[in-house]
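Same chain, two partners: subunit A is paired with subunit B first, then with subunit C.
Moving on to the complex of A and B:
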């Protein structure tokens, strides 16, 4: 078969592979039956409604939101100056810094989680929420540094000198002419970090305890005891949330330019 | 010079351990238009950055308008710089780019508006005030950069290769623009260039730099007609440059006596292709190459003196490739060089 005929077929299979599970989840969540099943038995919105009545989901959703928002903000506060320094100065060991900053992507989350539990939480009685916050910040940091770096790479450094010669301080130049020009990159990094943190399972798995859980962990726990379609309904809702965020980001920022 | 407005005093500039400029002394008068001319790596841009305050000198002093500014930070020097890449703020409109420095000075309302509009108008961009830099041509961007610096009323305006990014037509326009700005405002201007034609056309005075030091300072006429060294001679188009040894030309083929005595104290002699006389003289050459250049014809000769470049009226009869001709290097038409090598 020629490439011309083959490529639409491959593309179609790829789409089925990527979108198929999502469609199955949506279908399962609309089921009228009592167990998670596909194809769904009848159609109803009762499981979608039920999601909102489960207290633990509400609590863990709040925890996940807290971690995703503040963990990502913290990662940006650390990551923007780091990216700036890496982009603008030739520092001794900057390659090492770049590698170390990327480690949380490379090292399996399960190891990061275990390490934090074993060496922070257990010996020092570290607050679990705080441990989760640190873990999520560390996990998001590589994305923050990378995306902001890419954005800075497209920006000429002489505009800062121009700002200084027009009377601005060095720091003032950063806020007046650098920040406005990398705003898109920062927002892109925030969204990417937010989604990464929100969907994080392995690290959170080790650090979750009674009363302190992120939503994915809570969902895992829920499924172990209750096998009803509400879990599919919640998954579908979360997927739509992510899609919505990325859609808006693409629409208003051209998100794909930065990632 | 006692009336120095900007004075560099034994200025040494370095990047880490690499010395880029060594013990540079330079005086510039108020209202002068000076060119720093030299090949890349000669230290001209480094010197300019030091004047702007973007680079701290390793040693030496910089005085401007009667004050020592060596340790004054770049944002308090009242020195403007038009970058080679213009360095406009891409997120701001032309108006806001020009207003940037004035706002930092605390100007608001009508004061600000009046100055910004006058600045934009003076470079002929009134219609473009609301545009972003990305929507302007290179030439327009450069005029915005010029206006942005000029509204600050700098004591010295520095320009980094102001004409090199422009095409031939815009180059002429910008040249006129810079001369007009300088005449109208009387601002002291220093521009950096590697292009001798640019320096000759625009500057009141040219400072030729080489290897982190000054090679020659002079009017465009001086530099063009009386280069002091073999480097400057070569740089301004003297293509036949010879060292002198005991009053004789040092050539690849050995010492060659001249028809007249070389001037006292000269370390070398240089001839423009125009100064070489073809058809008569004590030397013999073989035509290796010829090219037609409109009014004139250029010849490349092989001779016992080494390769010689000559240029004669195109109306004269043409010499064939491979033919042998007599030529002369008249001492009276040469530039005598104080330094060689």
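Moving on to the complex of A and C:
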């Protein structure tokens, strides 16, 4: 019986610990004062407004958006065929392929970033933006393969065999029969990849240069020099952005089924 | 199953080659750098690394914090997961949503919140000085405790979610049966719940432990240069000291620790189940 009474207390404390800090960030960002404080000194939207006037945030936001959207698309373009081959073909060395494409999830991102800086950017004068793009693609690739694989696993393979027997080409069967059925999984993989890439820090730490910087890295730098509520405001805005995306995804395609 | 081998390779190879060239190869070269000196293979960089007190401190601190965060998140995780699983369906769905929510929010934003809470003019210090418990604000930031709290908040949801699915897969009446047969709650947990949810605990534990070992943002923001962990030390070695050999040593240690944790815990889960 004591356990039944304890449950609400446990859950309340859990929510205070997990969600509380996020509410405090929102409150701090609405402060009218000049320094970061809680409770906020008066209410205003001046720090939220200020976020939009800082040029470097605008640039790094655009960079992060670019990497998250196109890095994830590239990972899907590479990952969907790989997932399909792993699910539907008797492939020699399929375990090796699976391991190689899923390694970026296990190896810490900071190592990947440093390795690309040392052996791609520095010796070959490789473009930093391109290196960042590659790094983010590699980072998202394991998620793309895993989520699309799961989606393919739920789809019976005999319907595409039927399509081929009925005269469709293999490619035609893929686009007309398989694709419509795994659309939800692909979209889920895209959202998961987008959020992962957008929030990623370690991989981008070393891959920054003049004018090339992702938003989280920019925030870390700004934090070191300035102690005003604008980072809180930006954090709150970003949190709402992520929550909005995930909420819409859950609403319209039951995102959590795929992840 | 299709049999065409050429087709299969054409589909799978672009991804594999991309990952190998962009990822595997550069990382392998980076790791080899720590074992080479003047064209010969050597372990000198490693003995050098561990001969320095700071490096040893950081190594053991990272390891210790990883263990502490994993242990505490397992304890809280069981209490929380058990409470959530026993909620009515609607409440359960909402709670799972609220536990998942932080995972979608930028870790930079989540960690930054602790500055507002633990900083000199933060909530905790305002309360302490306001209540007259201390005349001066306490130094809470840039301590190991701050890093511990930040890591716990970051990774606790992963543990809870793993334990929720483990508890849901447990036979529903096992706990009731044990209770009827006279077991107290401690025995129920130790003899029934723990053995039946071991795999979920291992999955959650691996995620939390490797996540804490390889954390960068939390020690960077909440620990600063006072409480370095392996990744922040690595960043410092590169950007301040320009010491790539030392960075390579740290990279190797991080990779070995993550892989070892993965393998060890997996073995632990299966070995116990065989009994």
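Annotations
By definition in this document, the second predicted complex is superposed on the first by the 256 of 259 C-alpha atoms of A that agree within 3 Å, B and C clash if a C-alpha of one lies under 4 Å from a C-alpha of the other, contacts with A are read in each partner's own complex, and residues count from 1 in each chain.
In the analysis below, a contact is a pair of C-beta atoms (placed from the backbone, for glycine too) under 8 Å apart; a residue touches a chain by one contact, two chains touch by 3 or more.
Small disclaimer: the values here were computed from a predicted structure and weren't measured.
After superposition onto subunit A, the modelled positions of subunit B and subunit C are compatible, with room for both.
With both complexes placed on chain A, subunit A has more residues touched by C than by the other of subunit B and subunit C.
Once the two complexes are overlaid on the shared chain, A:167 sits against subunit B while remaining clear of subunit C.
In the superposition on chain A, A:212 contacts neither subunit B nor subunit C.
Judged by the touch definition given at the top, the superposed model places A:159 against subunit B, while subunit C stays out of reach. Of the two partner chains placed by superposition, A:73 touches none, neither subunit B nor subunit C. Contacts of A:65 after superposition on the shared chain: neither subunit B nor subunit C is touched. Of the two partner chains placed around the shared chain by superposition, neither subunit B nor subunit C is touched by A:48. With both structures placed on the common chain, the touch criterion links A:180 to subunit B but leaves subunit C unconnected.
Of all Cα pairs linking subunit B with subunit C in the superposition, the shortest spans 9 Å.
Considering their complex, residues 1-5, 7-9, 11-16, 18-20, 22-27, 29-30, 76, 79-80, 82-84, 86-87, 95, 98-102, 104-110, 112-117, 119, 121-123, 126, 153, 156-157, 160, 185, 210, 214, 216-217, 220-221, 231, 234-235, 238-239, 244, 247, 251, 254-255, 258-259, 262 of subunit C touch subunit A.
By the touch rule above, subunit B contacts subunit A in their complex via residues 52-54, 74-77, 79-81, 83, 85, 87-91, 100-101, 104-105, 145, 148-149, 152. Residues of subunit A that touch subunit B in their complex: 155-156, 158-159, 161-169, 172, 176-177, 180-181. The touching residues of subunit A, counted against subunit C in their complex, run 3, 6-8, 10-11, 14-15, 17-19, 21-22, 24-25, 28, 35-38, 78-79, 81-82, 84-86, 88-92, 94, 96-97, 100-101, 103-104, 106-112, 114-116, 118-120, 134-135, 137-138, 141, 145, 157, 170, 195, 198-199, 201-202, 205-206, 216, 219-220, 223, 231-232, 234-236, 238-239, 242-243, 245-246, 256.
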